[in-house]
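Note that subunit A is present in both complexes that follow, paired respectively with subunit B and with subunit C.
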Partner chain A sequence: MNIGNLLSEIKGRASLSKTLVMEEGESDEEFVFREYKVARRSKVLFIAGFVALFMVLLGYKITLGEYDIGFVEVYETLWKHITGTIDPNSKIELMNDNVVWDQRLPRVLTAIVVGVGLAAAGAAMQSMMKNPLADPYTTGISSGALFGATLAMTLGLYIVSGYYGRVLNAFVFALVPALFIITLSKWKKPSPAMMILVGIAIMYIFNAFQSYMMLRADPNAAASVYTWSVGSIGMTTWEQIPIIGIISLLGFAALFIMTRTLNALNSGDAYAKSLGINVDRVRIVCLIIISVIAAGIVSFTGIIGFIGLVSPHIARIFVGSDNRILLPASALLGACMMLICDIVSFLIIGATLQIGIVTAMIGGPIFMLILIAQQKEVW
Partner chain B sequence: MTVKIEAKGLGLGYGDIRIWNDLNLEIAEPGLVGILGPNGVGKSTFMYALNKILEPTEGTVYLGGQDIRYMDYKDVAKTVAYVPQQSNETFAMSVLDTVLMGRYPISGFTTSEEDVKVAIRCLKMMNLTDLAMRNFNELSAGQHQKVMIARGLAQEPQILMLDEPTSNLDIYHQVYVMKLLRDIAKEQGIIVLVICHDLNVASRFADRLILLSNGAIVADGTSKEVITAENIKNVYGMDAEVVESDGRPYIIYHVDESVRMGESPAYEKKEVP
Partner chain C sequence: MKPGMIAAIGVAAALMIGAFMLYATADLMSEMNPDPYDHYVEYVVIGEYEGNPLSGTAVCDTLRENGAFHNYRFNIDAADSEGNPVSQSFTVIFGPDGTPDFFIESDGEYIQEFDGQVTRISVGEMCKVTGFSLESEGLRISAQEVQE
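What follows is the complex of A and B.
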């Protein structure tokens, strides 16, 4: 059985509505209504499945490391820390708490919020631009953010000085490709392919300036910027996590509110307008939210590719294209994929490699497999 | 109550290209109104203006006496439903979910049971309940068209506008759809505006026909007043015989050497008045 058939089989078996039979005395309408309810329920079950997978991966990831700690102990420790019931006289409990909460959780939480933010941004962007290849990376938004943050880190050029100067720099430069896309879509009515090609061109331009700055910068600064820029989740601290978490989760919430509108945009601008949607305004708001998410993530973790692109496509196979379900499913899958990549890098390489490298190594082949195996009906 | 459509001094275009200048039209009576005219004459553009999809360059449209410029997009959508010529879905949903999209202006964030029931009723009208849970992309062009009509009906509008709703349908479904639209217009007392290229189908079912050509309304009235050999010759450049059946005019085309690509009056570049 090839992968395409396997995906269809999984989808078919999981879609409970396909096994329904019309009952005696049931009208066409009643049967369809029952089918619809069962189909909705099966999608909710998929989300529940993703939550379960997420919980397993989260616990398992925290067990990995020099210090030995079991899966159940991880959750016990987390629970005790949250409820403030760690026994101060128990050396094991204190040690477990230190390892789980202080040493391993920041990395894991960063992976989760980054996965949620990037996948939600990717799903929203694909619907908004009617393009299966759209995500913050392929549209140049992440590269703009990276350029802005690098300006601050190598040349000390801040729009506003201070702790958040790097984030603001990233946001302002992330807006450059976003504004370019908005202007282009209003002025030229570009095809989906043209939009992505323009995004890739912007990405190359920013990358060129980024490389130039790195070459001109002090070698030590350039080395640290390079390590950060290829996607790193190991450098975030407990002080930074609330910031990146708020940006990512609020961004997700804002996009989730727009999901019904995104469904309509997927049917084309003219039809969306006929439904009472101010298409231009929605697109601007959506791109600003995506730019904030990309800027927040990039300025703390560098560029992490493929999560925003791949997660929505995998989620779409299981829950369909209704953004009200697709967005949370993609976000959960994004978090799971980040955890899987981090786990795989630890298990295979034995060390925690820059996550951006691993997501590309794993995400690239997965994306190719999906593209090759994909059957038309999934999109 | 019927929501009246009025276009006053309407100017429409795309950039430097002028499609309409000073177009004046009133549709006040409920019924099926057919918009006829050659390709590229601006029928869809005119529909876009009635729906606030396209902003006029001059003049305005009044819906139920209200100037559309001062109406919120959402209020326009609660009054007018639009069924596009072609489906344009990138990430297709199920057929039922696609029809449920028509409930957007009416319902909230979540889909209510009432929404689902209305959508299923509209699918039933189009004889599509068997396909309700299928993916929209798996359907044929004709089935797409029927789903889009069901989606327009699910919006429960006071004015329903359809851009060539029968172009991909077989003759049975062409007749079925036009009859359904005429009955809906009659029963609900609404205006159903249909762009149609099949003059005989339009003549058979429409209560009023509006024939457009080169930036002007050439004829406006009953099918007997609009479907005449002279109008067909002037607008399409075709010799046609008009015969009558069931009190409606029908045309029989005379296809001979005189029909050559590029020789229709529709190709004549006239100054838009």
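What follows is the complex of A and C.
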């Protein structure tokens, strides 16, 4: 069996409703209702399965590190910290608390909020642009954000001074490719593939400018910017988690509110307009939200590719294209994928391997397999 | 296979290669500029164990956990004047504010009562512990970095 057939079979098994046959004496309405119930149950099972997987991955990821802490001990320590029952006289409890709560949990939470933000942004962007290749990475939005942040870090050029000047720089430059893509789509009506190629071209332009800045920068600063830009979640602390969490989760919530509109856009501009939707305004608002998410994430973690691209595609196989379910399912899958990539990165080299390289190593081939398996008209 | 799809696969491959190139560059640059404080350090140890003079060596390794915290594991290998071996290992975790937290393990148990201090120099992201002292029931140790 080739890989394409294998994936088609998985897809077939996931969409149980396709294998249903009408029972004897069953009316059309009863059959449709049964089909709907089976489809809904498979979606609930998918979400429940991934919630369970998420909890296992979360606990397992926290066990990995230089200090030996067991799976149950991880949840015990988290519970004791949350309930404030850590014994201040027990050195082992204090040690476990320091390692689990202060050192490992920020990294894990960063992985989760980054996964949620990128996957939700990718899912929304794919629906909005009717383009299965769209995500902040392939449309150059992440590269724009990276360029803005690098400008602040190497040359000290800030729109506003201070640490959060980097985030604002990233946001402003993330808007450049976003606005370019909006303008292009209104002006030339490009094909999905062309739109992505334009995004890639923008990405390379930003990368060229970034490389030039690196050549002029101090070697130590350049080395740390390179390391950071590959995509790293190992430097985040509790002070940064609320900021990146708020950006990511509020972005997700804002996109979730727009899911009905995104469903209409996914059916075509003419249909959306017939429902009284101002298509251009929705696209601009959506791109601004996505740019904020991408800028927030990139300015803290660097570029983490393929999560926003692959998670919605996998989720779509199981839950379909309804954005009301697709968006949360993609977010959950994005968080799981980030945790899996972080676990793999630890198991390959240790805590020093940047997660961005692992998401490319795992996400790239998965994406190609999905492309080959799903020979859609849109290509 | 449709041309659009071939382009999409090409794009995915280019993005993967781009990520690898960036990683390779980052790795090369960090090798060219190694952190002078991120390495193995040796110490000379002197002190007292159960009233007898003690001497030996100690080594320190960096543990990788979170980039904002610096984790150091010290292993002491010494003997008192009567030839009794004294082996002790302990961990010092420097938080983002630079405050050290000591965790001393002996025979699989964490020692509760002790007094520990470190002297260090700190440049850039890492810091280097140049000396330390420990005092617990029956044991007093002080260590200084071996100068090359």
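What we mean here is this: the second predicted complex is superposed on the first by the 342 of 379 C-alpha atoms of A that agree within 3 Å, B and C clash if a C-alpha of one lies under 4 Å from a C-alpha of the other, contacts with A are read in each partner's own complex, and residues count from 1 in each chain.
As a convention for this text, a residue touches a chain if its C-beta (ideal position, glycine included) is under 8 Å from a C-beta of that chain, and two chains touch if they have at least 3 such contacts.
The structure presented is a predicted model; accordingly, all values stated were derived computationally and were not measured.
Comparing subunit C and subunit B on the residues of subunit A they touch gives the larger count to C. In the superposition on chain A, A:Asn266 makes contact with subunit B only, while subunit C stays out of contact range.
Of the two partner chains, subunit B is the only one that A:Ser127 touches; subunit C does not reach it.
In the superposition on chain A, contact of A:Gly276 is made with subunit B only, not with subunit C. Within the superposed three-chain model, A:Asn220 lies in touch with subunit C and out of touch with subunit B [touch as defined at top]. Contacts of A:Pro190 after superposition on the shared chain: neither subunit B nor subunit C is touched. Judged by the touch definition given at the top, the superposed model places A:Gly320 against subunit B, while subunit C stays out of reach. In the overlay built on the shared chain, the residue A:Gly49 is in contact with neither subunit B nor subunit C.
Shared interface residues of subunit A, touching subunit B in one complex and subunit C in the other, are 132, 192, 379.
Subunit C contributes residues 2-5, 7-9, 11-16, 18-20, 22-23, 25-26, 29-30, 32-33, 63-69, 71, 73, 91, 93, 95-96, 101, 103-104, 110-112, 124 to its touches with subunit A in the complex.
Chain contact summary for the complex, subunit A toward subunit C: residues 65-67, 89-92, 94-95, 98-99, 102-104, 106-107, 132-133, 137-138, 191-193, 196-197, 200, 207, 219-220, 222-223, 226-227, 229-232, 234-237, 239, 305-306, 350-352, 354, 356-357, 359-361, 364, 367-368, 371-372, 375, 378-379.
Residue ranges of subunit A in contact with subunit B, taken from their complex: 17-18, 28-29, 31-33, 35-36, 39, 126-127, 130-132, 192, 257, 260, 263-264, 266-268, 270-271, 273-278, 316, 320-322, 324, 376-377, 379. Residues 48, 51-53, 72-78, 80-82, 84, 87-94, 96-97, 101-102, 104-105, 109, 116-117, 120-121, 123-124, 129-130, 132-133, 135, 137-138, 155 of subunit B are the ones touching subunit A in the complex.
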